[in-house]
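Below, subunit A partners subunit B and then partners subunit C, in two separate complexes.
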Partner chain A sequence: MNVAAGWRVARLVGVHDETATARTLVLDVPGWPGHLGGQHVDLQLTAEDGYQAQRSYSLAAPAKGDRIELTVQRVPDGEVSPYLTEVLTIGDPIEVRGPVGGWFVWRPADPAPVLLLAGGAGIVPLMAMVRARRAEASRTPFRLIYSLRTPGDLYYGEELRRPGPGDAGADATLLYTRTAPPGSPRPSRRLSTEDVERYGWPPDFEPTCYVCGPTGFVEAAADMLTKLGHDPRRVRTERFGPSGG
Partner chain B sequence: MDDRHQDRHQDRHQDRHQDGNALAGPLAEIFSVDVTAALGRCAACGLNGPLASLRVYGQAPGPLVGRCPGCEAVVLRLVRGPEDAWLDLSGTRCLRVPLGG
Partner chain C sequence: MGIVSPGFRGRPRSKGVELPPGQYLVEDFPVLSAGPTPRVPLDRWEFSVTTESGETHRWSWAELLALPSERMTVDLHCVTRWSKLRTPWQGVSLDTLLAGVETAADFVMADSYGGYTTNLPLQDLRNGQAWIAYRYDGKDLSAEHGGPARLLVPHLYLWKSAKWVRGLRLLTQDEPGFWESAGYHDYGDPWREQRYQGD
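Right, the complex of A and B next:
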């Protein structure tokens, strides 16, 4: 059996609220083997009567030793995400399987430019790629387009608003769908093909495109990329669920 | 929107699917390489794409059904029992697995 395939018991060692509905969890996972940006873990909860629920969560940052970070958006009426964001307390154990996933990943050795399209919580694995680029001191050109509802929905705000020297060549554009901050040149509206053309890479640069977010966002954004002439084989997608962008 | 489109739209909302990338953990129990990156050809319509692009119905540890994003045919079924896993790939014509290196 694959080493990543077994369940290990992790422990919650830190939390950080990103927004009113999203929380970053820092887990200590003994013997963590390291991972690539874009990979995820499965978490498993077991009730007293033996009922089990499993969900996937993207790794939000490169590991620091045995420590990994996830960012979970609370889905109202959800089975698992309210537990993770409201109930799980520092010191509590939780079962983790991973790292898993070999398709929605960025490999630092890949020389192709990278275009990241995030809708809402879909920023999580894409931020992991930006952070991996920084950690590897990679010079691969990155462009991130992050579509979010309001300034209050921004994850990783400190890092995205004030990029450090390690992020030179990784440009981020924040696009608001409901309420833009005062003074924004672009009125709030949904992501459009023009936005992707303007803030992304032209198709002849042959970027690898990673699209992540709610299903509707991912399908619309992937269509825009194809319409602009990006080869569908270079468009990688990951859908988090029905809504929530 | 014509009726057929609307029906499909409603169906999609009724039986919610998740992303094919979610197969990575359950399949890692069976294979030592990541199979979500493998290219599979749908036996029904011939569409070729990574297993990560399938629509997955069901939720682990329960049974999982992967459907073709092009024609909705069943491409893969995975049932995990207490002691065995059953993987039915009869809806896949062939699978090309990248081995790295």
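Right, the complex of A and C next:
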């Protein structure tokens, strides 16, 4: 990876609301070099008085030419995410640097099965891996466990509920922590070791495991994987969201 | 200065606090690591320094605690852009641990339980700049923040302060560690904003 190319000026060309508090942004980044599922960008905002704020956001999908997609969860009282989800308007410029990250990535040439564990907004880089698998017509076995609070918090609902033919062999399980949709066989509760055992891959399959979400979720889920016998060296984590204590 | 983002004002600037470029202030203590949190039982814990000639110096947990410790209050700067100011730690200075170590090496690879590595120039660990820290804010250092003990090198980005540190290997030639191999900067000075290779 070499992100020395520095800041590029991107332009917002599309938006799509995922939930009441999360928005997907489509940016046009001239000269974008492409990226791997799991990588992120840094964004930089500059105020009139020269003050700058920078934050990282995962790439949500493979690039289409110069177009990249991010999904931003609005954090109440946040400095940057309310601007990105409420103020930034189609046509506005924004500075982007990347792609960044060489560890929390899925490489399509890697034959190992993949287990994805997402908590809340942690779905974003994992969805990028699912979408990269589809784009590459890969047959690598994927399983995604997506833990979310309520049906109203679901990102990429259409795609996850109605997988297309390109997603054969990539199974998604949605697990609700507060309110499950009517008729769900599993009552709403936090992700448990049994869930990971049941909906994930057995450790002797030797999957590469990717865990992403808020710190508490990542700590708990990564512990469950090692408890079930997954080799810690095959468990990759990325933490964002409310920072732990 | 970059292009102005229409309608972006940002937070009211805290006056009198100077942060490295691109950083923002947090009050809580975020956690960042690349894999599961290793749990190291204290009776099996040891810290070692291995010189370029293969000579190894070892300390058990009890031996580490028996060394003179220091209390230091330092600022932390994470490459993911948060900075936390005036954090209180306790630990053993690397000056103490390196005092009896004969070496002509210029570089160090820090190794952690769990397999993490990070590289530093040896001179950045000397002269009161680095510690093996085992207490934070008056309490034993929690596993998620790197306990039982972590390297603490606050003048560099926090990924250099290896959590769950297990030993230092002294090297005559620099080698990239874990994040350094994944495109992060070899040295990582927050004040020069050395985040990525080429910065």
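The criterion applied here is as follows: the second predicted complex is superposed on the first by the 237 of 245 C-alpha atoms of A that agree within 3 Å, B and C clash if a C-alpha of one lies under 4 Å from a C-alpha of the other, contacts with A are read in each partner's own complex, and residues count from 1 in each chain.
We adopt the following convention: a residue touches a chain if its C-beta (ideal position, glycine included) is under 8 Å from a C-beta of that chain, and two chains touch if they have at least 3 such contacts.
For clarity, every value in this text was computed on a predicted model and none was experimentally measured.
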item: Fit or clash - subunit C, subunit B, common subunit A; value: clash
item: Contacts of A:P62 with subunit B and subunit C, given as first, second, both or neither; value: neither
item: Partner chain in contact with A:A47 - subunit B first, subunit C second, else both or neither; value: second
item: Partner chain(s) touched by A:W103 [first = subunit B, second = subunit C, both, neither]; value: both
item: Broader residue contact with subunit A after superposition on the shared chain, subunit B or subunit C; value: C
item: Touching partner for A:G213 - first (subunit B), second (subunit C), both, neither; value: neither
item: Subunit B versus subunit C as contact partner of A:G200, first or second or both or neither; value: neither
item: First, second, both or neither for A:G120, with subunit B first and subunit C second; value: neither
item: 3-11, 21-29, 57-65 or 93-101: stretch of subunit C that collides with subunit B; value: 21-29
item: Where subunit A meets both subunit C and subunit B, residue numbers; value: 1-2, 4, 44, 52-56, 100-104, 215, 236-237, 239
item: Residue numbers on subunit C that touch subunit A, as the complex places them; value: 1-11, 13, 22, 24, 26, 28-38, 80-82, 114-115, 144, 178-179, 181-183, 196-199
item: Subunit B - residues contacting subunit A, complex; value: 13, 16, 18-19, 21-22, 24-25, 28-29, 31-34, 36-37, 50-53, 59-61, 98
item: Residue ranges of subunit A touching subunit B (in the complex, touch as defined); value: 1-2, 4-5, 40-42, 44, 52-56, 97-98, 100-104, 215, 236-242
item: Residues of subunit A that touch subunit C when the two form their complex; value: 1-4, 7, 9, 44-48, 50-56, 79, 83, 87-89, 92-95, 100-104, 215, 219, 222-223, 225-226, 232-233, 235-237, 239, 243-245
